[in-house]
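For reference, the structure is listed below as structure tokens.
Note that the chains are named A, B, C and D in the order they appear, and that numbering of residues resets to 1 at the start of each chain.
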Amino acid sequence: MPPSDPGGGDAPAPHLSALYQEVILDHYRRPRNRGTLEHPDVAVAKKNPLCGDEIHLHLAFDGDRVREVRFTGQGCAISQASASMMTQALAGKTAAEIGAVARRFSEMVAGDPAAARDAALGELRALAGVAKIPVRHPCALLAWNALAEALSTRG
Amino acid sequence: MPPSDPGGGDAPAPHLSALYQEVILDHYRRPRNRGTLEHPDVAVAKKNPLCGDEIHLHLAFDGDRVREVRFTGQGCAISQASASMMTQALAGKTAAEIGAVARRFSEMVAGDPAAARDAALGELRALAGVAKIPVRHPCALLAWNALAEALSTRG
Amino acid sequence: MSALIDRDEFPLLARAPELVYLDSAATTQKPRAVLDALRAYYEHDNANPHRGAYALSARATERYRAARERIARFFGLADADCAIFTRGTTEALNLVAASWGRANVGAGDEIVVSGAEHHANFVPWQQLALERGARFRICELAPDGRIDLDQLRAMLGPRTKVVAFHHVSNVLGTINPVREIAELAHGVGALAVCDGAQGAPHLPVAFDQLGVDFYALSGHKMLGPMGIGVLLGRREVLERMPPYMMGGDMIEFVHDDRSTWNVLPHKLEAGTPNVGDAVGLAAAAELLDAIGMDRVRAHEQALVRTAYERLSAIEGVHVYGPAPDARSGVVSFTVGDVHPHDLATILDARQVCIRAGHHCAQPLMRRLGVAATARASFYVYNDESDIDALVAGVRTAKELFGHATV
Amino acid sequence: MSALIDRDEFPLLARAPELVYLDSAATTQKPRAVLDALRAYYEHDNANPHRGAYALSARATERYRAARERIARFFGLADADCAIFTRGTTEALNLVAASWGRANVGAGDEIVVSGAEHHANFVPWQQLALERGARFRICELAPDGRIDLDQLRAMLGPRTKVVAFHHVSNVLGTINPVREIAELAHGVGALAVCDGAQGAPHLPVAFDQLGVDFYALSGHKMLGPMGIGVLLGRREVLERMPPYMMGGDMIEFVHDDRSTWNVLPHKLEAGTPNVGDAVGLAAAAELLDAIGMDRVRAHEQALVRTAYERLSAIEGVHVYGPAPDARSGVVSFTVGDVHPHDLATILDARQVCIRAGHHCAQPLMRRLGVAATARASFYVYNDESDIDALVAGVRTAKELFGHATV
């Protein structure tokens, strides 16, 4: 459609293309580690009543290390992709290691450019674009808040 | 005291001298028909909670005519003088005659210049100045509202 | 379909010519006339009304009284002292639920609301029922989105004390038959309480003809300032209600062990009134009256029809609620698997402001089977170009998310 | 004693150079800075906060949050989410009496207030006691006009649930020892609720140091717009309170049969907030902070001392309340047998605005043995010439009424 057609979609703003990139939409539509565990060591749920986003998180540990993790939930692409990527980042890590990743992630969301380049965040860096959209920060952080609660519940 | 003395009272605004004239202050300080009746035909009380003014009115009738009237009350010069003058205007009148005076009085308070010159109001015309001060209308009318209630109570 | 009131009359819109404001159901932008009236009050007449014995205070009192009268007239309420100023619809409805409700609803009584109420007309009644041991009943919607009158009729009975319902839905835009519902309620001796938050700004309202006991509304949704709203009521009911809040102005005499109450409207307005915002709301009513509410309604209908048709024509777009002619200026929709919040973010990048979420109507969202919708709502300053921008933004979102899965 | 903020900064005063405004305890005039902030909000950032997913709404949300923070900081409250916006002092106190009170006060419990409370801090507690079958006890005043601490101490006991008292009297100007009273209340496990309507505008207030559980205030009495006030509270108490009003923003989840609540401050702020007036109040706090509340206090003390001395020196004038150094900027007085309303009318003809009446404190008037007093009150825009005008007007009234009987 020619760009002058008022009914057609014009090119989206650059920071949006950066945000809604392939990898995020892929995690939104084909979430990894989706499901529940039969015998989780910890199970927590977090909802954002303002927008209806919700995440249920199941974790199983081997000593101090995460053995398995599953999530279910519903909500926007950002909250669900963030949850999906997060579960991938957890596997095999200790609570201390997870805490470090979580801190780095929230620094990235807060707009820290160093965090947005930090290889330790892996695929999660795809969410760096959310820093520019403060109203969406809670979406990106929802799963991580559930995780923080899960870890603190475990003690 | 010279008018330039900042501590002295300057000449009051003309409409105030017109309002707070001798006759009104005299009724305020030496109210006529002040007191109660042993066997009133009607007794009513009216208060203005906003300013604390209050009027208690006792009436005794001879057939349709007011035989005796007494009032007690407290409040500002305007409400008390109005009550005092009103009691003087009532004596010996029928309910219908009283109604006519009351109507004329409220026309005067509302600012009708013809009413303010009407000989039927007698001394009450001293209160004509209150027309210019809307916040004080309720003061001038308090006793008259009590009177209206008294007459309607009697049926 | 050019704007009914020019954007230039709205300083915020005039300053941001690119802004496409489609969230008027949440709050409207303010015309210069309202902002001027608000400011002029503070610059010329500001004082505490009712309490002073000086000319400035008398002026403030008079401005407040005149604002009440102007607003009562706008809403076809002859007895202006039955227009009670509140902070907004929420306070107005809470006032009724707390004051009338606590005095009249007991164990075993029934309260009826609809499944499409805004939380402000749902939660106060739900909590009153829980507190009183009353039964809280929810009347479902007919397929056209309006309250199902057959079900309502079947639900009403001698224990029904209140029927609380909305004039216009803030999600679906549906318009309920207020008079008919009021008659059903009165038929069983129940109170009819109408949430007019979305009715007052968009439809002609003649309170004295509506038949309801109460009609609640918010100034900020009808060009007025925030912080002011109105509860329109019937004197007979208002007179018998105990006060809601207690303090200055609403009392007659305060004895050490008991108190007596002032007359209406003061009995239900405790404390220093919000004269400034009341004056602002009166200016809004003046403006809307000058245009005519029939024209406001016609303008919104034209916009909503176009928006409805153009959005529906996009593959993957689902519009909720009735056909455009049966609704007020609100369109709720979803776009394939694009979450409404993502949609709102994408539109926002194009300066198109819509709302996404549950719209303070979680019970309705459950009934619609969605967690959230996108909502565009229109008012006097919108024109067809705003719909162009909305439609273009929706297409962009689809592209961004990839057509395939829509 | 020139003005602390020039009259030119106040559009109403600037337009009426002859006006002598001595009724600031009822409401204050508004500085240009506040009116500008209010208008700028509507012209740049107006939207419904908390609910939108677009930048304009985020800006409104941020303005509202920043206003709360600014005001909390002004009042020395570190935990800003414990500053609850209300319409004013009256709503703040009713909120506590209704929400905390209904949940915590039962039959046989005791509520203590003082005999000098404004109706807003008297009637809600009186009515709560009547509703709950609790005992409503009134602590009398010491000869200096302050709450009689010996009597209070003797009154308090294990059944005392609340001590509700004023920081500064709106009639006498007396300043109560807030911290001491709070300690007495807490000593018996009672809640300490302070009416700060006349404290907040005139004295430095550091909530976190005051020791009270609640401190209520009105924006319009401290240079802010009408329609906004604040309840400052302790988180521990606020967390345990049920909501006051119900509707949008204050809920978490609304099920058909029950609901859960949002976190502070939202739990206690139902409906669309009054962002505009909150922003205006924050601008007022900014202005007062820039001057310094110590200087505000000193300015008023100087004015009150002069007024006290010059009025007392007039034969027939009786000034109520403590010596000038122990009071805030309020002087209540009577002039012989000149009724306060007549006095106010006479002063008004000279453009001197004072208040006359019971000042919403009928219980105190009974205790003073008068039906009404005249009251002059001062603020940052007053200067010595205003006292000249007051004194001259009082002399005129005496002349008009004839010296003889004074």
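Criterion: a residue touches a chain if its C-beta (ideal position, glycine included) is under 8 Å from a C-beta of that chain, and two chains touch if they have at least 3 such contacts.
Being a predicted model, the structure only gives us computed values, none of them experimental.
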{"item": "Pair joined by more contacting C-beta pairs (B-C or A-C)", "value": "A-C"}
{"item": "Separation of chain A from chain B, taking each centre as the mean of its C-alpha atoms, in whole Å", "value": "79"}
{"item": "Centre-to-centre distance between chain C and chain B (centres being mean Cα positions), rounded to whole Å", "value": "48"}
{"item": "Centroid spacing, where centroids are CA-atom means, of chain A and chain C in whole angstrom", "value": "37"}
{"item": "Whole-Å gap separating chain C and chain D, where each centre is the average of the chain's CA atoms", "value": "31"}
{"item": "Multi-chain contact sites of chain B, meaning residues that touch two or more partners", "value": "50-51, 135-136"}
{"item": "Residue numbers of chain D (touch at least two other chains)", "value": "51-55, 57, 251, 253, 340-341, 345, 356-357"}
{"item": "Arrangement of touching chains [line / ring / star / complete / other]", "value": "other"}
{"item": "Chain pairs that touch, as defined at the top of this document", "value": "A-C, A-D, B-C, B-D, C-D"}
{"item": "Chain C-touching residues of chain B, taken from the complex the two chains share", "value": "47, 49-51, 134-136"}
{"item": "Residue ranges of chain A touching chain C (in the complex, touch as defined)", "value": "6-13, 15-17, 19-20, 25, 29, 50-53, 74-78, 133, 135-136, 139"}
{"item": "Complex contacts: residues of chain D adjacent to chain C", "value": "11-12, 15, 19, 21, 23, 26-27, 29-30, 35, 38-39, 42-44, 46-48, 51-57, 87-91, 93-94, 98, 118-120, 122-124, 126-127, 130, 136, 138, 218, 220, 225-228, 245-249, 251, 253-259, 270-277, 340-341, 344-345, 347-348, 352-357, 360, 362-363, 366"}
{"item": "Touch list for chain C against partner chain A, complex", "value": "310, 337-342, 345-346, 349-350, 356-358, 365, 371-372, 388, 391-402, 405"}
{"item": "Of chain C, residues touching chain B in the complex", "value": "50-55, 57-58, 251-253, 262"}
